[in-house]
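Quick one: this structure, given as structure tokens, is what I'll be asking you about.
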Amino acid sequence: MVSEEIWILIEIFLFPGFLFLFSLAFFTEWFDRKIVARFQNRYGPLHVGPKGILQPIADFFKLLSKEDITPRAADKVPFRLMPILLLTLAIAPLFCIPIMGSNGLISFEGDLVLIMFIMSLMALLVFIGGWASTNRFGTIGSIRAGLQMFAYEIPMNLSMIGPAISAGSLSVSKIVEWQINGVWNVLIQPVGFAVLTICLMAHLQRIPFDIPEAESEIVGGWLVEFSGKKLALIRLANDFEFVLASSLMASLFLGGPYGPWYISLITYLAKFLLCAFILSNLRAAFARYRIDHLLTGAWKYLTPLALLQVCLIKAWGI
Amino acid sequence: MAMENDMFKNLKEKPMTLRFPYERVEPVEGIRAKVSWDIEKCIGCSLCVRICPGNAIELIGRGRRAEIRYNVGRCLFCGECVDVCPTKAIYATEDFELVFNSRREMITHFKRKKNRKKS
Amino acid sequence: MRRSELRRQLRIRARDIIVKRERRFAVNVDEKSLKRVIRRLMRMDNYTHLSTITALEVGSEIEVIYHFAFTDAMVSVKIRISKDDLLLPSIVDLIPGAALYEREIHDLFGVEFEGNPDLSPLLLPDDWPEGVYPLRKWWSAERINAKLGGKR
Amino acid sequence: MTFEIPFGPQHPALEEPINFMFKIEEERVIDVKTRLGYVHRGIEKIAESRNYQQLVYLSERICGICSFAHTLCYSQTVEELLGLEVPERAKFIRTILAEMERIQNHYLWLGLTAKEMGFETLFMYAWRDRETIIEMLDMISGKRVNYGVNTIGGVRRDIAESTIERIEKSLEYLEKRAEHYTRVCTKDPSILKRTVGVGILRPREARALCAVGPTARASGIARDVRADEPYAAYGEIPFKVVTYRGCDVASRMYVRIDEIKESIRIIRYALKKMPEGPIRVKVPTRVPEGEAVSRVEAPRGENLHFLKSNGSDKPERWKIRAPTLANLLSLCRMLIGVNLADVPVVIAGIDPCIACAERVALIDAKTKRREIWDGKDLWRYANEWYRRKYGF
């Protein structure tokens, strides 16, 4: 008879917990690189493991073994602390996402607000990291990261509030339950889904909006001084953010998992991969925008659209 | 955005890039790569030595018993020597993947059959 | 474009205009008339642009050639200056495009263009020893190496 | 607050080392200072110990991408000095290969600019399409980059009948792709936002700063050496000089894509009209005393070679001015007022080939001693010195 505590430990460390999330993060990075490569008529990772699936892990360990330089002029504490904090903040919200069964590991009323808060904290951390590296390009990169945060923060939160209003609760699990017996949010709030996708692209700093680390202009932006273990952690945090973004889109708008634990896992993964595909497609289809395009675009189009969407839901009173 | 249909079409097609060590492209038939000598035909006229832009060819000895030291490192693969050689002793090979791990290996010394016993 | 038309426009002696072949004209000038001739050249209708400025060493003098491209011909304005007073009026005020060419020639020949706002080195490293103009004939390979301290 | 940003010799956006020192104020460039000299090989000083025949291969290595234009210009200069007439068929082959190189160069440029804009997919597609034209050149000349087809007095390789159909087929494909890219570059919102109205060069400034090639043609100045001074077989081939009035990076893009289509038409016309006959003329090694200037329309602009010979078999003075040097000042003018994010796109706008711009020097055989002056010392010294100064 497996006692209760061991079962919880297994849940936290093994199945929907760390081990599963780590492998999901590495798998998603591989999936993203492979899809973008196929869009661009080339192969993508091939040689490490079957079809190159172990490539992200290999990159991670390679970076770990690399020399870890802390520049003399950088102020040490925030510079060293930032990657670790970024990784923990990236993993934390994933525990509120329902993967096995319709409620996540920790699901309480208001965990959607927790996720939103953590996501804006991450953008702040990026700013601090770039600023602490006191490199000229790093400073410009972190200013741009800050600017970008102002642009996408409000429309993103508004578009996340949409499903909460229609489901009448601020917990991701309850929203998923409401969608199971109700209708998928994406059908009644398509505009909200589009706005959320664009803002998540900006949050993940992916191609159309990878302005803070635009390598062809400011040589890597805020990432420029990080190397070795710090860079490994930051890239891993980036993968986790990608998993968080896709699973948010999947659970808030596409209905999330339902049915007994093994079917819910499959449905969750299917929707998750669909959202990851959408994000990869967007990454391959655009050139990089300038920071003022993003700011004007966000304030002129994204925020009003998100507001309109929220008013529509209230008006229908679902 | 305007590339959408093009991108989805490519999703199905086989990628354009080659997996180099396993899939190779065979060289075009008129390719000009490393040159090589048929030393028996060579009459030691040193026309090729003078024409070579990269000074890659060196003649040792004179007349019928001359030998050629050919340094691939300095060769430009321009094929001037192939054109200028009166007795067509120089011919172009198809091997363009040239890798050496020391400068000495780059130099090939074309010896004649009779001399080989002596030197 | 024919030689008579060029002579009428530039109002200089016929002796100075040499027709090398049907599309190439050479005009010999001296320091005083350089700017005047160039200004008149630019006023001709089928003038397009200044292609480049070439400098070469002829015995004890340095010859500077301004290549002007026209829609149907090329005019090279030639001027000779002796090696000890290497001073030429800069034409950057007439043609801003000439700035880089003058900097280049100043770098590698030592010709001074008074009036050029910025004659900082374009090609040579900043601490290139004074007076070493690698493109003068005298400055052959060994001498430059020796001048640079040999060990490099 | 103003920054002093070095857009230094080593930078991901630059394929070749050139140094810009930008003064930035809130992401806007207010001042530019440029430095060259990092890839200075002193080619003309090396040329001192080479005879005219070997210099053809040296002129080919001035620039990796527009190598045919340089050999064509150099060969024409020597032919002018020798008073030599190149056979008709050789002229047509030279025109065809020059146009093929223009197509290959413009596709390469399109890919690079897309990479600067962050548009990975267009970069991959443009360079994939470039492969088809490189295969054609490979088939004709046996080499992919420095073709070694051009020589003094004519051409060394003939275009056989069998290759002509394959050329036709690949031209169809290239034309279809050029149509596709015109549609993409005029409709895609992200490209338009990054290129329209960026890096403005007024016609008046372009004329004053003597801009050449597509950079001038995109500001409405119809300046093309193929039309002004027809060399090789351009006299017999009707073609249109492409100009746009937009004065920004977008119109430079449209000029180049239209020029690809124009080149395809030229190649088709030339292939049909190519007469039979010899492709090469015997050339003496000694060149009579004299001076010659010749111009060629390289893909990036007007190429100029000045050659002074002194009767021996080695040239006395060989001055090369590549198009990039002429456009550098226009580039500095365009960069003022642009904000930092657009700097790589504007730099890529003039398609800089820094290795070309380094052509400076004098050579002289008067000293008769066999000077193996190697440009390397000057170049090694320059690099090593920079390593000490900038400490990287």
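Each chain carries a letter (A, B, C and D) given by its place in the written order, and its residues are counted from 1.
Operating definition for what follows: a residue touches a chain if its C-beta (ideal position, glycine included) is under 8 Å from a C-beta of that chain, and two chains touch if they have at least 3 such contacts.
Note that the structure is predicted; figures quoted are calculated from it, not measured.
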item	value
Separation of mean Cα positions, chain D and chain A [Å, integer]	45
Chain A-chain B separation of Cα centroids, rounded to whole Å	53
For chain B paired with chain D, centre-to-centre distance based on mean C-alpha positions, whole Å	28
Chain D: positions in contact with at least two other chains	121-122, 125, 128, 188, 190
Chain A, residues touching no fewer than two other chains	39-42, 284-286
Chain contact graph, described as a line, ring, star, complete graph or other shape	other
Contacting chain pairs - touch in the sense defined above	A-B, A-D, B-D, C-D
Chain B-touching residues of chain D, taken from the complex the two chains share	50, 53-54, 56-58, 121-122, 125, 128, 131, 135, 138-140, 142-143, 146, 148, 156-157, 180, 183-184, 187-190
For the chain A and chain D complex, residues of the former touching the latter	36, 39-42, 136, 140, 207-208, 210-211, 214-219, 284-293
Chain D residues within the chain A interface of the complex	3, 5, 11-13, 27, 114-122, 124-125, 128, 188, 190-191, 193-194, 339-344
Touching residues (chain side chain C, partner chain D) in the complex	20-21, 23-24, 48-52, 54-57, 65, 67, 69, 71-72, 74, 76, 95-101, 104, 107-109, 121-127, 134-137, 140-142, 144-145, 148, 152
Touching residues on chain D, where the partner in the complex is chain C	35-37, 40, 42, 45, 80, 207-212, 223, 228-229, 291, 293, 295, 302, 304, 306, 308, 316-317, 319, 321, 325-326, 328-329, 358, 360-362, 364, 366-367, 369, 371-374, 377-378, 380-382, 384-386, 389
